[in-house]
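Once you've had a glance at the structure underneath, I'll fire off some questions.
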């Protein structure tokens, strides 16, 4: 199982029936494939959809129907379309039960940095700040470390922030970690990993409630 | 001809083809009956109509279709319905060619006072302030004097203002008067009246460009 | 998706309005006023309410009945032109009334629904309504802060809703309803018709399901929903 | 009412965009982008434009062509994630780019259309985008002034319009179009279909005729309007 599949499968388990959620571009979107077929959930897309379905295949694409990442989704029964102002009213107005985003860095107090690398990467903001600040629950899906093996979970972010103290949970290929008032708390460890590996690859203190009873995934 | 009919007929002549206008409750609304039947004009109502027609008669009323004054209007071809936010975007966004309102007082610099008489009359604001401040052209339709015969056109308003320096033209049963940088200017006199009567019943200096060539109506 | 069904009874819906709650009520005149939810509230009798509505309906109708019953402490509104009873209660200080320009009231509610802190406007800047309001300079012009409005509960009237809560309004019954449906913690909708989820056209839905918490189907409209004969022109 | 007919040609429409003009362009990705009006602008060649659009389309498409042709001085946008050409031009300072959070960009434009001076928001308050922005206290919370955005011209794409200018959008082609249609001095619409006034349902019109100045009927959609094969999943 690839790290992407691992993260996507675990992410899908965060989503409960009846919820209104937003799945960010990239890793979060992959989770959709692992939702139970009949799960009654309303997936929001920033460009003006509530009730997005899975990705189109085999020529069913509609030129007037894309998701915020440019892909061609299906829609579910009960879907609606609206303008960009109403779309972000759903986000900022607090009607999203959860948002899922990727990241560059997360700090132990829940700061998120995922939109800019000074001098290298600055493609703009998109809907990320609003999702980060206003979803009732913000879940970060990310590889545990950078391609160079450096930790993404840090004591403090080094990059410009997307939003302060906004992250609730982080799901990586190695672990599920919650952000609490005391800092990072290990909630689950991947079957393929170990508490030691997670601690070693996390760039901040990691609270391990009871090493012998950490659930695996 | 009643004073109401006199004012309504003259008011109707202010409205040109293709315009988007709002007719306030009371005297202004009466003007609608004197618009040419085929005049292509879009009448706006604050409660969410563009393309209002004449008042319903003979049981054609629709319980879901009222104007801002509570009356039951018809709608024209090309009419649309919308919410109260969009309705006032049309007003504040400057898409009204003209608004027509009644008044208690108007001052020679164009101040309007039509919403409150301290201790006596304070039913609220409604859409009046926004119409007064934001219509491209504001035309006041009113009796020239109060029921007690006191002038409504004054040097300065004595009542709390609806909006400052907003009035462009005043249409009464006696005269058509413009508000200019120099003050009130007489543009037309009613056939039933005279320049002398208008001057006498106006509570501020009235500029009369050329007494012998004032058009009548 | 058939599992999402927000259907409830008018009694259960009314019980969600607690003493002291702020309650937004849709409608501009008769169209869009949720008369049956208002009647349910009259039976439930929560006290000390703050009501937010364009007007107070006419004497003896709609929210005027709640105000006349002494259940409302404060009314946030645009005008009371057609309701001498409530104007009288205001003058006798039996009820506190806060007036806003109609479109500003709409924008304050919309801003609440949009998760904004407020809007900046010059409406009323040279009038008594500007007194006590925070002023800001924007591009050399002085404008006022109008804070956003939210409420504990919104009572909404729809022409049609599906079981999931997507809504459609009819003609001038739309007015404040979509704005209020976005701005309250608990959104209760009465609908004249309930349809199966998936039958409303996604392009024609006025309020998406995400905003709606509870739906009450109203089968028999009361007399209040009808044409008001006092406003009909008699030839 | 048949006298109101706002039909014009794409050439006449493009001539309304002067050198130095600010131009809002609808669309979020391909849906809702007025490619044919953009092509007309490319032929007209106004210079020194300020463009306002959610993104810059993808390399070689839509407004990217205007930017690549050197006709755009400044771009006000939300993100350029899919356009490495424009990112490169930004990095080389060939074009000035002003970024806003996507929903705040939408609200700034909407506020412009609603005749407001701006909105108050906490979005981005703890980040570098708050630098230099006016702060206000609202209920003890520090929020930022986001000034409204207006433009000289808006280029809008509709699925259907009637001759008077009432518009309907399709699916995710709605996006910024209704907001921009309210916020520009001159609003030019390209529509895939023109219908007789009175045939659109008044409850289902997305943008009322009052906002629209000129209508261009586009008979043959160019390739740019189609499904972008690079985004289609290949099994």
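Chains here go by letter, A, B, C and D, matching the order in which they are written, and residues are numbered from 1 within each.
Here is the rule we use: contacts are C-beta pairs under 8 Å (C-beta built on N, C-alpha and C of every residue); 3 or more make two chains touch, one makes a residue touch a chain.
No experiment lies behind these values; they were computed from the predicted model shown.
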**Study point:** Chain separated most widely from subunit A, comparing mean CA positions
**Key:** B
Revision key, fill the gap. The distance between the C-alpha centres of subunit B and subunit C, rounded to whole Å, is 29
Check your understanding: CA centre of subunit C versus CA centre of subunit D: separation in Å?
Key -> 32
Exercise for review: Please compute the C-alpha centroid of subunit B, do the same for subunit D, then give the distance between them in whole Å.
Suggested key: 36
Check your understanding: Residue numbers in subunit B touching 2 or more other chains?
Key -> 81-82, 85, 88, 91-92, 134
Practice item. Give the residues of subunit C that touch two or more other chains, as numbers and ranges in rising order. Key: 107, 110, 114-116, 121-122, 170-171, 174, 202-203
Check your understanding: Looking at the whole structure, which two-chain pairs count as touching?
Key -> A-C, A-D, B-C, B-D, C-D
**Study point:** Complex contact set, residues of subunit C against subunit A
**Key:** 1-4, 110, 112-116, 162, 164, 166, 182-183, 197-198, 200, 202-203, 205, 208-211
Point to revise | Complex interface listing, subunit C residues touching subunit D | key: 107, 111, 114-122, 134, 136-139, 141, 143, 145, 147, 168-171, 174, 202-204
Review point. Tell me, which parts of subunit B touch subunit C in their complex?
Key: 45-49, 55-58, 61-68, 70-72, 81-85, 87-88, 91-92, 116, 122-130, 133-134, 160-164
Revision key, fill the gap. Given the complex, residues on subunit C that touch subunit B span 28-32, 54-55, 77-82, 87, 97, 99-107, 110, 121-124, 126-129, 159, 170-179, 206, 225-228, 231-233, 235
Exercise for review: Would you pull the subunit A residues touching subunit C in the complex into a rising list?
Suggested key: 17-18, 20, 38, 40, 42, 44, 50-51, 75-82, 85-86, 88-96, 134
